[in-house]
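You will see chain A twice below: alongside chain B first, and alongside chain C after that.
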Partner chain A sequence: MTESTRNDLAIETHALHKHYGDIRAVDGLEMHVPRGAVYGFLGRNGAGKTTTIRVLTGLARADGGDMRVLGLDPRTDSVAILQRTGLVIEKMLIPSMTGNDLVRFNRGFFPRWSDAHAKKYAEVLELDMRRKFKKLSTGNRTKLCLLLAMSQGAELVVLDEPTAGLDPVVTDQLLRVMVEDFTNEGRTLFLSSHHLSEVERIAEWVGIIDHGKLLLEGRLEDMRANFRRVRVVGEALPLAARPEIVSANTGEGTTEYVLRSDADAFTAQLISQGTTVLDVTPLNLSEIFLEVVGTGSISNRNARHVIMDPAAEAGSMQL
Partner chain B sequence: MIIRVQPGLGVPIYLQIESQVKHAIAAGALKLDDALPSVRKLAAELRINPNTVARAYQNLERDGILRTVPGGGCYVNSQSPGLLKSEKLRRLRPIALQLAVEAKQLRLTRAELLLLLENSYDNLESQ
Partner chain C sequence: MYLWKYWRESRITFSIGLVLIGLLFWALHVHHVGPPLQGSRVRAQYNPDQIYMIVAHVLTLPLAFLALRYGSFGVGRDLNEGSGPFLFSRPRERTFFVWSDWCYGMAQLLLLVLAANLVVVFAAHRIAAESGPTFIADGSLSLLSIFCVNCVTGLLLTASMFSLTYFCSVLTRGRGVTLAVGVIVIYSIAGAVVNHYWPTITLPDLMLTGFSVSHSMIISFTDGLGRSIALRGALAMAFPIAAQLLLKQRDVD
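This part shows the complex of A and B:
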């Protein structure tokens, strides 16, 4: 990869590995987070999201592979990365400090710290800054971590499950703030989450991780424009082995294909073969996620479910 | 004008915005020279990525439906997009084909399909 493309990426990993004993928490991760993007890092519980974040910020050591965060290597430049990256996890905070104490404490570390933003976020998130961290509820601890991460003025902000434990009203306000303050001036916002409806709103790029591998990465609008569910009459699987087929289910006299691209050509060919096409429908992010991590939809649990693409097994696949 | 998007729909959000603006203009809710909210304002209101709004606005501008004044916002343009007739036909052909396919599968007659289309057209003109 050339130096110029590298500069366009805030985060880049190649064959990244992190093992805990026999567990391959990160298992050959290939990820590309463009500078200035809102990137949704999606995965189930235990898929490897938090471990990846820890490795990328130098809080855990990689067992193999290459990575660059803001052009730096976390193995040697962890301090520099943490200084330029808004990342706050609960373990970093001193429990006996109040929100206000933590703001004063953090301010000194970050040259671009903004008190105005800290004040704004305390209001938006409805957070009492006079309470000690250890006295806060789970949701309020999350809010304080968010406030500290977002007030640093960092060029890269990494939020791990930002909406976990937040009520719907605060979540909505948080999304507004993210759009207002983190989608300009080339700042990169990297969010890990499994709350797909929120990510679907604000993310421009999406990466889906499962068992430590990135199974799908691309622009969300492209995924939405290309993924299609095609239902046809008959169980004979007239078009079986084609690279654009993500899955095919049969049952009750119909076959249901999920395609990652070229649905128009696919249906045209089915129709020309005399097959009756029942409908062609788009998939939302949640449905795409279920297809890619391979569980399929619940109604088809008893039907035959075939992952057609060996590339999806082998590693990442770019749209 | 109130724009509402449903991210869970599967239809790209920028297409949802485009079709709502087109519909508002066709129905007379938006008139010539009416201002649209800025990209950043609409994005914050809808809690969506500004690039998504920008993409919708760019497509509408390319089609001659909106015009942007540098630093001065986004306005509704004259109502007939100045596209070549061949281009207009090229854009509608896939939709017409889809309509014909659906009608044929539902065993609608040619006359019934044409009547349906005429009714839809008349409804828009009467608004």
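This part shows the complex of A and C:
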């Protein structure tokens, strides 16, 4: 990868590993987050999302592999990274401080801190800044964490499950604020979640992690354009041999394929072999996620399905 | 800004310390609580230097308890309350947090130790003034030198307690006071056991005694005082260094 390509990536990992005893929380992670993108980092509970974020922000030490955040190595430049990164990970701030206290506390750490932004977010999110953090509801705690992360003028904001435990109204408020501030200002938003509908609403790029490995990474619109479910009736059908097949389920005389690309060519070939194609339907993100993380019968968890390589994409944008 | 956070956590303990010192001042100066000054056997047996020495020595105990409390503030408290990831995702080295906590805590303890000793030394002055200058002449050390050494020994004791508790708080993520008290109790028991079975061996006392009093009531510095001070100073510094190393190696969750 060229230096210019690297510069167009906000986050980049190569063969990243983090183990807790025998548990491989992050297991050879290959990830590329383009600068200025809203990137949805998806995975089931325990897939390795939070551990990845901890390692990337220097809260946990990697056991192996390479990584770059804003072009810097978290192992040696964590302070410089944190100066330019807003992070919401545990949603636990200093319990005895009020919102105003936390703004005062945080301001001193970040040269690009904006009181005007903090005030704006407090109004938009309807936050009572005079209440102590420990007396806030879950939703208001999350809002306050987000307020602090977004007011520090960060180039990159990393949010770990930002909408967990929030009601739909608050979730909607948060998503709107995030979209307005990040899509317009060219900052990078890295959003980890297992709420697929929320990610689908705002993310341009998606990475799906399971068992510490990134199984799929690419532009969301490319995924929608390429992933297809094909139902067919016929004999001597191909199963796992072809690379475009994500899963194949056989039952009640029909076979259902999920393809990650080349659906037209695949169906044309089946038809030429005398197979009856019942229907070809696109998949939404939720369906893609379910197929990729392994509910399909022949899903290959060791395969990394790259719809569009963000590194190559960043390089081509550079050109 | 970070020191402001530590101040928020420690201000009640600091205020309690000041109130206790105020009560001591009130007792010694307003109500003249203490040995009767005129026509008493106490007057015949002790001079103000010794009274000050004893009172100041006793004073270090409540100060040491305050120091235990101080050790539970800062990073250890944040790890206990779950705000560790927030704190350590502020753009500063972890070393910064440890040494900010330690220096600010020590500064407050230094103020408390100085204030407590000043209150007692004023009381000793009053005793000297009311009972005549001859008493001061009885001692081989000046009140000022006793004051200085008492401040140093008091500060070293509180520093050791504070540093030990601070390290234990980082180690156990918030249960530092319990562990530190346990360590002190075990050390005391170990000292007694060693002394019982091997009378020639004596483990260093946590509470440094800066003076010895001869049969003729002459006060002098204890032998090897400088070495004892250096040893305890090194001990007090070892714990924050250990806490720093521990935090550097540890994942924060």
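By definition in this document, the second predicted complex is superposed on the first by the 283 of 319 C-alpha atoms of A that agree within 3 Å, B and C clash if a C-alpha of one lies under 4 Å from a C-alpha of the other, contacts with A are read in each partner's own complex, and residues count from 1 in each chain.
Here, contacts are C-beta pairs under 8 Å (C-beta built on N, C-alpha and C of every residue); 3 or more make two chains touch, one makes a residue touch a chain.
All values reported here derive from a predicted model rather than from experimental measurement.
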item	value
Chain A as common anchor, with chain B and chain C clashing or fitting	fit
Touched partner set for A:Arg104, first chain B, second chain C, both or neither	second
Partner chain in contact with A:Arg61 - chain B first, chain C second, else both or neither	second
Contacts of A:Glu244 with chain B and chain C, given as first, second, both or neither	neither
Chain B versus chain C as contact partner of A:Asn184, first or second or both or neither	first
First (chain B), second (chain C), both or neither touched by A:Glu291	neither
First (chain B), second (chain C), both or neither touched by A:Glu256	neither
Contacts of A:Glu12 with chain B and chain C, given as first, second, both or neither	neither
Overlay on shared chain A, then closest C-alpha pair between chain B and chain C (Å)	28
Residue ranges of chain A touching chain C (in the complex, touch as defined)	54, 57-61, 79-83, 87, 89-90, 92-97, 101, 104-110, 145
In the complex, chain A residues that touch chain B	38, 172, 175-176, 179-180, 183-184, 197, 200-204, 221, 224-225, 271, 276, 281-287
Residue numbers on chain C that touch chain A, as the complex places them	1-2, 4-5, 8-9, 78, 81-83, 85-93, 249, 251-253
Footprint of chain A on chain B - complex, ascending	7-14, 40, 43-44, 46-52, 55, 101, 105
